[in-house]
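Letters A, B, C and D mark the chains as written, and numbering starts fresh at 1 in each.
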Amino acid sequence: MSFQSYVIRRIGQVIVTYWAFLTILFVLFRVVPGDPVSMHVQDLGAEAREERIAELGLDQPLYVQYVEYLRQLARADLGQSMIYNESVWNIIVVKFWNTIILMAASLILAYAIGILGGALLAWYRGTAFEKGGIVLTLLARSSPEFWTGIVLLGVFVFWLGLFPVGGMRSIGSELATGVGRYLSWDFVYHAVLPALTGAIYFLGTPALLMRNSMLDVLNADFIEIKKAEGLHPWNVLYKHAVRNSILPLVTIAAIAVGMAIGGSVVIETVFNWPGMGRAMVDAVNNNDYQLAMAAFFLMGSVVILMNFVADLLYVYLDPRVTYE
Amino acid sequence: MTLLEITDLQTQFETSEGRVHAVDGVNLSLEANESLGIIGESGSGKTTIAKSIVRLLPDNGEIVDGEVRYDGDDITEYSDRQLRKQIRWNEIAVIPQNAMNGFDPVYTVGDQIVEVITAHTDTPNDEAMERAKSLFQTLGIDEDRVHDYPHQFSGGMAQRAMIALALALDPSLLIADEPTTALDVMIQDRILHRIQELQDELDTAMIFITHDMSVVSETCDKIAVVYGGRIVEFADTETIIKNPRHPYTLGLRNAFPSIMTDDQDLVSIPGTPPPLLEPDEGCRFAPRCPFAEERCWSETPQSEPYGDGNTIECHRADEHERIRPEASKSETWREQEEVIEADD
Amino acid sequence: MSNRQHEPASTTNSLADQVRRGWSTFTALFGNDRLGQIGLLLLLGFIFIGAFAPFLAPYDPGEMNRDDQGDILRLDGPSTDHLFGTTQLGRDVFSQVIVGTRVSLLVGVSAATMSVFIGTNVGLISGYKGGYVDDVLMRITDIAYALPFLPFVIVLVVILGADIMNIIIAIALIQWRSTARVVRSQVLSHKERPYVESAYAAGAGDLRVMYRHILPNVLPLVFLYAALAIAWAIIAEASIAFLGFGDPELHSWGQMIYDAYNVDAIRFAYWWVIPPGMSIVLLAMSVFFVGRTLEQITNPELRHRE
Amino acid sequence: MQPGDSNLNRRDFTKAATLAAGGAMVGLAGCAGGENGGNGIELEITVNNPSFDPFRYEYAQMVADSWEELGFAVEVNSMDWNAVVEEALIAQEYDTSVITWDGSPERIDPHTFLYDLFHSSNSVEGGRNEVNYDNPDYDDLAEEQARIFDDDERQEVVYECQKVLAEEQPRTPVANRTQIMPYNNERFSDPEVLIGESLLSFWNMIGVEPADGVEDLRFGYPEEVGSLNPLDYVGAHDRTAIRLIYDRLARIDQDGLPAPWAAEEIDILDEDGEVAVTIREGMTWHDGEDVTVEDVQFSFEFANEHSPIGSDWTDIIDEIEIVDDRELVFHLEEPFAPFVSNTLTQVNLIPMHVWEDVPDEIDEEPVDWDEPDHIGSGPFQLDYWELEEEMVMTAFDDHFEPPNVERLIKVPGSDMSSLVGFLEEEQIDMIGQTPEPNTIDRLEDEEFISFAEVDDHGFHHVNYQMEREPFDDVAVRRALARAIPKADIVDALLDGRGTVADSVIAEVNEFWHNPDVERLEYDLDAARAELEEAGYTWNGDGQIQYPE
C-alpha cells in the first residue's frame, strides 16, 4: 500500500472513531442526573425553571437534540454555556491553552528527562546508578499527581516559601491578552510547581520504555560496528542508539499527551490553575452540559489527533515500517 | 614488513561464575597485504581475539596481558581517543557476520558511509557521498542505491555494501568475522572471490574469522587454529590443509567437505569446547582427543616452532605422520564419542 | 541466559506442565531480583493488612473520638492512643489507613481483573479472527483510547452514583484498551507459528485453538498487564476520590487526603496526610516492582546478567 | 456517653467489611439494601455527597444513628447534589431529606420561608413545598402575613405561622450556622456585615474601610460568578456581583429591613397595593446618561416581559404609573407586603437607551443578550472579567454612595483551601465564606487576620415527604424531630459555631423570629412516648411497628 492510501484509510478510521466518540459524549451528558438549573432550584420558581429548560432546548425529543448537536459541531459551534450564558468557545479557548501550555511544559520536561535518563540507565546497565534510577523512576510513577503536588506544595510553598500557592499569575496584576499571558516571569513563577508535578508523574513511562528499548538496541550488531568505526561514543549513543530506541516512544508520547490533557484536572485542582480540566469538573458539578461537553470534546479531539499523528510519525521515522 | 604482531595476548571476562579466560596467551603475526584465517569452533575465543585487537570488548572484558603491535606500536597502550582517532576504521575496519544488522536501520547506507568518512577526515559531505558511490561501483552495486535503507537490500548486496563501508577509509587491515555464514552458498562464493580480488587490488591485509575450513582454505595465506583461547596450530594454508599436525585441526578438517578429498564422510569432533573458567594444567583438547596420552592430561603443551614460522602446540606433534591417517578415519572420532558418553 | 519460557513447547501444554513451568519461572525470576522481592514482600504485607483490617484497626474508622471531658479530639497529633493522630472530626487516622488498604486492594484487583478480562478477549478474538471482526473491535479500542480517562470516569460516576463498584466499572471500561492492543499484536505473531498449524491439523476448532493453544502463550503478557493495571487502578481511584467523586461511605486513601485537603489541614496535619499518601505510593510501587520482575518473562533480554 | 456514639457510622464499617476480597464484587450489589432487612419501619435519608457539603452529609449520619436507636431501619442515601435536587426537590421522590435554605438578604423578610416553603399551592412538582405540607389553616395564615403592610401587625401573624410549624414539624429546623469570615486587618477595618452574608454583603463592598494607600479590595470566594446579565442569572452568587453594578430602588439594610436606595422615598399609599417611589436626583448611568423614571418603568416592564426570574417578582404589578420626572406609582394586583423587601430590592435598574435596541442577532430572547459594557448605575463598573481567574470592578465615582476602594477584584478559588492560602500570603484581603473550624483556629493566631462573625438566617433542616407513610403522621414527625441531636450536631460538626434552630425564622432575624415556639429538645424517651401514644409498638428486636 502506498503512503497516501494508508493515510486516507487512517483518516477514514479516524472519522468513524470521532463520530462514535461524539455520540458517546452526547449520550453520557443526556443521562447525567439533573439539569443545568437544578443547582439553583432554590433561587428559581417552578415556572422560571420550566422556562429556562425550554430555552435551552432540553424539552425537545432526544433525537432532535442529537441532530442539533451534530449540526452545531459541524459548524464548529460549541454552543452556549448554560451557566455562564456565554459562548462556550469564548470560555473554553483560554482554558484550553492554559492547560495545553502547562501540560506541554510538563511533557517536554518529562520526555527530555525520561529519554535522557532512560538512555543512561541502559548505558550504565548493572550498576548501582541503574538500580537507584529504577527505584526513583518507579517511585515517581507510583505517586499520583495530587500527592506529588501536595508534597511539592508542602516543601516549596508552606515550608520554604519559594513559590506561590497557586493560580497562573499574581492577583490584580496587569492582564495580558493572547500569547502575552504566557510570556511573563510571573507566569513562569506560577507554572514551575504544577509543571514539575506533571513532569514527575509522566517521566516514568518514557524513562523505563527508553531503557528497555535501548537495551535491545545496544545489543544490536550495528552499535558495535559504529564503535568500531571510531565514531565518538556520544555520537554512537545519541545518533544511533537513542535514535533507534526512541521509535517506540513516539506512540507512547502521543498517548501521553492525551492522558496528560485528560488528567490535567488533578494538577489544576491542587494548584488552582485555570485550565480546562477544572472547568470540565466544575461544569459537570454545575450540570453545564455544553461547557462540560466542549471540554470533553476538546480533550478527546486532542487524543484522537495525537494518536493519528503518532501513527504517521512512526511510519515517517522508521523506514522499515510498512503500511499494513 | 610486519603489520600486526600479537604477543602473549590474554583477554578475560568477569562473570558471575568466575573469570573466563577467553584468550589465554595468543601469539600471532601478520604481514601487510597478507591474509590470515582464524579458525575454531564457536566459543573457542576466535572472535574475542579479533575484538581484542580493536578493543571492542564488552564492559566486563579486559585485556589483562600481552601486546598488540600495529605498525610497531603497542595499541593496547593507546587511550580510547587515540585508538578511535588513529586505528579504528582508518587502519582497521571490521566486517560483521550479518551485514544487515551491521547497518543502523534508520539511516541510508550512503549516509552511514558519509558519516564515517566525515568523522575521520575533513572531506565535505558531497565528496564523501561521491566516494560512497564509487565504492558501490567497485563492489558492483548500482550507485543510486546509496540512498536506500539497509532493509531494502538483499543479503548479498548488504554484505557488499558492508564491505564498501569497511573500505571507506582505505584501511590497512580488514577483520572479517564470519562474513558469509549468513548467506547461501552461491552468493557466499561470489563474495569471497570479491574480497580476495579487492584485497589484491587494494593492498590490504586481512583477518578472516570463521569456523569453516573450506572458506579459509580458498582465501587465506596463513591459518591460525584456535582452541580453548589458545592458538594450537599456526601455519601457512597449504600446511594446514594438507599436513596439519594437531589432532584438533585434523578433526576440524573432517567436519567440512573438502574440495581435495571429496570421498571422505563427514564427521564432527565429539564433545563440546572446554569452559574457559580458570583452566587447569594439561592440554585443553585432551578430553575430546582420540590420541590423548597421560601427559596430555597433566602437562600443558607449549608452542613449538617448526618449518617456516609455523607453530604447533601438541605433546604428540612429532608423531603427526602416524596420527594423520588415523585421524582421517571417521571411526577414530566415533569411538572417541562413545568414550566421552561413557564418562558422563 | 536466554531461556525463553514464552517460546511455546509445541508438545507440552498440559495444565500441570503450565503450573510447574510457572512455578520454576517464578522462583527463577524472584530468586535473584532484589526489587521484585521487596515488592512481593510489601504487597503481601498490604494484602495481610487488607485481609485482617477489621481486626487490626483499633477503632471504628468513622467514630468520632472524644477526650475525657467529652470534647471531640480534633486534629490531635500522633499519640499512643492514636498512632497517626485524629482527623478534624476526631476520627482515628491509623484505623482509616488500615481499612483503606482494603478499598485500594479491592479496586486494584477488581478493576484490573475486569479490564484484563475484557482486553484479553478482545485482543484474542480480534487478532485471531482478523478481517472485519478485527476492524470493528479495533475501532472500538480506538474509541476507548479517544476517551480522556479521568473526565470519563468522573462523568460515569456522576451518572451511576459514587459507589465503589461504579468506580471500579468506570475504570475497567477504559483500562481494557491497552491490554487489547498488546494481546492482539501477540496473537498476530503466534497465529503464524507452527504449533497453531499442528493444532489445526489435529482437528482443533477455532475456540480451542484460541483458548487452549494461543491463550496460554500470551498469558505471561496478560499477567504483566494485569499487574500494571492494578497499580493504575489504585492511582486512578485515589485521584477520583481526591477530586471528590469517591465513594463517601468508604475511607479510601484518596478520600482521606481529599478530606484533609478539603478542611485545609494539609499544611500542618502531616499525620493525616502522609500515611494515606505514602500508602498509595508504596502499594503502587510494590505492584510495579513485581510487574517489573514479571516483565522479564515476556522479555528475557531485560534480565540482569548477574 | 454521647448520643449515637455506640453505632456511629456503623454503616461505614459494615460496608467496608463487605468488601472482603473474593465475594466483594457480587456481595456489594446484594448488600447495599439488605442490611436493614429487619422488620421495622424502613426509612431513607436522602443527602448530598460530602464533596458538595460535608456538614450535611455528616449530620445525616448522626441523625440516622439516632433514629435507628429509636427503632427505625434507616438507610442514608447519599448522592450527587444534582441527583438530590432532581429526586428530592423536583420529583419529590424521597422519604426524608437533609436540605438547606441559604440566607439571602431578601429572605430576611419572612415571606419566602413561611409562604413559599409551606403553602399548599407550592407543592406541585418542582415547587418549593416539596414536603407537601397541606394545611388550609396554615395556608390562610401564610396568605394573611403577605397582605399586612404594617410590620408590627404582620409580626403577630408571622409569629403564629412559626408556632404552627413548630408544632406540626413538616420540616425540622436543625441549625443556623455562624458565618465567620476572615479578612486582612492591616489593609481593611470596620467590615460592614449583614446577617446571612457577612463579608459578602453589598454594604461591605462599598463600606469597608481601607487602610491608607490601599486601593484594591481583593475578595476571594470559592465559586465563580456565572453570569452578569441583569435579567438572566440563576446563581445566588451571581446576584452578589450584579447588584454592585446595577442599582435597585431599595436594598435590605444592615438591620435586615428594606431601605430606599435609588429611591429617595418609598411610600405605601394604600394598603390595597399602591406604592409610590421617588427616585434620587442626579443619578447617572455608567455611560453618563441620566437615570430617569422612564428607565425605572422600563426596567420593571422589561423584566416582567422577558426575564424568567424577573417575572416572578413583578407579576404582582398591575401597572406602573409615571407621576412626574422623579416619581412613579406601582399599582399592585393585590396587597403584597413583601413588595418592597422582595421586589424593589431585586429588580435591577437597566438603562432604557441600551436595552431598547437589543441587537438583531439575538434571535431568541432579549435576555440572551450579553450586554457587552454592562452599563448600570451601581457603585461599581465592570473593568474586565477573566473567567475563573478574576473579575475586576472599578469604583463609579459619580455614584451617590461611591465605594471606599478604587477597585474590587473578585477572585474565584478552586476551593477554600487555596483561598485560605491566598489570604495567608496576603494575595487576597477577604474570603466570603466560612472556613473549616480548624482553619479558623489557625487563622486566629495570625496577627493580621480578623474575623467578621454573624449568624446565618438560612437554615439547615430535615424534610419529611408527607405524602408517604409514616410521615403523614404528625406524631412520627415530632418523634423523629425529638430524636435529632441538634446540640450535638452543632457541637461536634461545627465546633460550636452555630445555633440550634427551632423555628424556620432564625433567632438572628430578631424582628421576625418567634422566641416562644415549642422546642422539641433531644429526648429519645419523649420521642418514644409520642410514638406510643399514637399507637406505635416495638417488636422483640426493638424495631418499631405500625399501629395495629
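The rule we apply is simple: a contact is a pair of C-beta atoms (placed from the backbone, for glycine too) under 8 Å apart; a residue touches a chain by one contact, two chains touch by 3 or more.
These numbers were taken from a predicted model, which means no experiment stands behind them.
What chains touch chain C and also chain D?
Correct list: A.
To reach chain D from chain B by way of touching chains, what is the minimum number of steps?
So the least number of steps between the two chains is 2.
Pick the chain whose C-alpha centre of mass, unweighted, sits closest to the average of all protein C-alpha coordinates shown.
That would be chain A.
List the centre-to-centre spacing of chain A and chain D in whole Å, with centres computed as mean CA coordinates.
Once rounded, the distance between the two centres reads 39 Å.
In whole angstrom, how far does the Cα centroid of chain A sit from the Cα centroid of chain C?
Comparing mean C-alpha positions, chain C is 23 Å from chain A.
Measuring from the mean C-alpha position of chain A to the mean C-alpha position of chain B, what distance in angstrom results?
The mean C-alpha positions of chain A and chain B differ by 54 Å.
So, what's the distance in Å between the C-alpha centres of chain C and chain B?
Computed from C-alpha means, the inter-chain centre distance equals 52 Å.
At which residue positions does chain A touch at least two other chains?
32-33, 126, 269
Which chain C residues touch at least two other chains?
158, 261, 266-267, 305-306
If a residue has to touch 2 or more other chains to count, which residues of chain D qualify?
Residues 79-80, 82-83, 415, 421 of chain D each touch two or more of the other chains.
Considering the complex alone, what residue numbers of chain B touch chain A?
Residues of chain B touching chain A: 54, 56, 59, 83-85, 87-90, 93-94, 96-98, 101-106, 115-116, 119-120, 149, 151.
Per the contact definition, I'd like the list of chain A residues that touch chain C in the complex.
Listed in rising order, the residues are 13, 16-18, 20-21, 24, 28-29, 31-33, 126, 131, 134-135, 138-139, 141-147, 150-151, 153-154, 158, 212, 215-216, 219, 255, 258-259, 261-263, 265-266, 269, 277, 280-281, 284, 292, 295-296, 299-300, 303-304, 307.
List the residues on chain D that touch chain A in their complex, please.
52, 79-83, 85-87, 89-90, 101-102, 104, 122, 124-128, 216, 218, 224, 226-227, 229, 232-236, 308-309, 311-312, 364-365, 368, 370, 384, 386-390, 392, 407, 409, 411, 413-415, 418, 421-422, 425, 427-428
Inside the complex, what are the residues of chain C that reach chain A?
Going by the criterion above, the answer is residues 35, 139, 142-143, 145-152, 154-156, 158-159, 231, 235, 238-239, 242-243, 254, 257, 261, 266-267, 270, 273, 277, 280-282, 284-285, 288-289, 292, 299, 301-302, 304-306.
Over in the complex, which chain D residues touch chain C? Could you list them?
These residues of chain D touch chain C: 2, 5, 8-13, 15-17, 19-21, 24-25, 28-29, 32, 49-51, 54, 57-58, 61, 78-80, 82-83, 415-417, 420-421, 435-439, 442, 491-493, 495.
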